[in-house]
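Okay, so chain A shows up in both of these, paired with chain B first and chain C after.
Presenting the complex of A and B:
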């Protein structure tokens, strides 16, 4: 059994590792479109949203972003900047919605908002810096896919949170430190 | 003061520098060569190669990629058309994924050390990533994906100390490797050479 004094660090590290692992799994899925993403690497972030501190959520995000870029080989490319900015926006939106209005917005709603906000930022970047206004052609499809994947991931995470004994144990250890 | 660099850190840095050229190498033949080198690196680090697991993973990844056809049709299995593009893509992805497992196995160990609080966090993240990546933990026979995942994560997270001991034993063997540093340098040169030659030949 791990020592309690290390538990916050231990849990944040485990969530980050799980996130990087899931992004590796996502890499294997065949993509019908190049910009298509399932977003399963956000599962640990959604799980931690209710009990991890804001600081730990950002640490988790940074570890995830760099690990993901390293695994996908995009660390030294503009894709990384796109992805990093999109994920940072998504995380900020999710934290805000979760902290401000936890009672009225479900995890599914938060997940969907996070996914769509990430895509919007990425679209703005694409229009401003790389492709110009022609990038807007893919906007409806990109936003539609983001919304669907965000809702699906949110529904799964919500269900997992309800049934999982593991997450309850983790939450108790984290909050009792 | 002891200025010797931790051998585990050297292996870790080597692993990190291998990821990019390995993933970015397009040629299947070259990637296969690099994959064989990675097998040797795992053996050098004193760990076992999970042969059965790698084979099952490779087969399932390749089959999965075949489901989205593109390119010339090579042959047909019942109604499924196996195309050249999807087959090459499948083999490439399976080599990439299993290669990453080998890089992780050869370069991450519990005796890694980084300075500061964030260093400890990074060390722990890498440690758990290696456990998740190379875990032999099987999904339980519980009904439903949520129950299976719940038990799986519980076993991995709360069983980490057991796994850490196992890795520590292996890294003791690793330290005994006299020529590991030279091997690491040669491997990095070879991997980057293979990747860069691929770019210039294009």
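Presenting the complex of A and C:
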């Protein structure tokens, strides 16, 4: 568990570590494509969205992307660029949506939009650069799965944020530094 | 319980709409002769599913072998590391697909309806 004196850097690093751990869990699930992911590794990013600075969110994202690629063994292949582009889109969309007044949007919508936008970009990538137009047949499955997993992860994170004293403590430490 | 806000509903409904649209676009007609469409390294090959065949294509990591046997199409060997493509199983119905991402090979089954079967001939390399 974290010490109360932890700095912003350490909180960001801890979130990245958590994300890489969750990537490992995710790796255990069989999947038809390296990029069909459940998205549970995005949990720390969703958690951090509310209080981490944009700079720290991007650091977290980069650490996560490289850690995940190391685990999946895709670091030195174009599959990495593929995942990286998707995640980058997703993060940017979520950061933008997060600026909307919380009266109108919750983490669930933000998470769903992030998941679906990432899949759309990956789909375009697959059609344009990797396979060709035949790859469009994967669209319903890819988009459908990411919508469902995005909504579920968003609901879970929202509930977690409300109930967890631990995350509130971390948020206070981060914001007070 | 969680409270979903207006924008959440808009995002979710819009996403469902996109999924639905993508579903409409990828729906294949079921009648006509079945063909296996193989895309590899920017080239497109079309083979009839009714004839047994073994096709070898090359991609960035090596060779991928696609077998057509008794109206079923499957990736029977590939030089990729994870062999996820081998475990994707046999496909035999229009709209089904299998793929090897590391080797950039995509296989799907299409049905050519009698009226447009003539137009698609130049689609492939026979």
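We take it that the second predicted complex is superposed on the first by the 164 of 177 C-alpha atoms of A that agree within 3 Å, B and C clash if a C-alpha of one lies under 4 Å from a C-alpha of the other, contacts with A are read in each partner's own complex, and residues count from 1 in each chain.
Convention: contacts are C-beta pairs under 8 Å (C-beta built on N, C-alpha and C of every residue); 3 or more make two chains touch, one makes a residue touch a chain.
It should be emphasised that the depicted structure is a prediction, and the values quoted were computed from it without experimental measurement.
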{"item": "Combined model on chain A where chain B meets chain C, clash or fit", "value": "fit"}
{"item": "Which superposed partner A:59 touches (first chain B, second chain C, both, neither)", "value": "first"}
{"item": "Chain B versus chain C as contact partner of A:108, first or second or both or neither", "value": "second"}
{"item": "Partner chain in contact with A:96 - chain B first, chain C second, else both or neither", "value": "neither"}
{"item": "First, second, both or neither for A:175, with chain B first and chain C second", "value": "neither"}
{"item": "Inter-centroid angle chain B-chain A-chain C after superposition on A [Cα, multiple of 10°]", "value": "90"}
{"item": "First (chain B), second (chain C), both or neither touched by A:164", "value": "first"}
{"item": "Chain B and chain C, minimum CA distance [Å, superposed model]", "value": "6"}
{"item": "Contact residues common to both interfaces of chain A (with chain B and with chain C)", "value": "30, 32, 73, 159"}
{"item": "Complex contacts: residues of chain A adjacent to chain C", "value": "30-35, 73, 77-79, 97, 100, 102-106, 108-109, 112-113, 116, 120, 130-140, 143-144, 147, 151, 155, 158-159"}
{"item": "Interfacial residue positions of chain C with respect to chain A in the complex", "value": "2-12, 15-16, 18-19, 22-23, 25-26, 37, 39, 42, 44, 60, 81-82, 84, 87-88, 95, 97, 99, 101-102, 104-106, 108"}
{"item": "Residues of chain A touching chain B in the complex", "value": "1-2, 9-10, 12-14, 16-18, 20-21, 24, 27-30, 32, 59, 63, 67, 70-73, 75-76, 156, 159-160, 163-167, 169-170"}
{"item": "Contacting residues of chain B [partner chain A, same complex]", "value": "16, 19-20, 23-24, 61, 64-65, 67-68, 86, 89, 93, 96-97, 100, 117-118, 120-122, 124-129, 131-133, 146-147, 149-151, 153-154, 157-158, 160-161"}
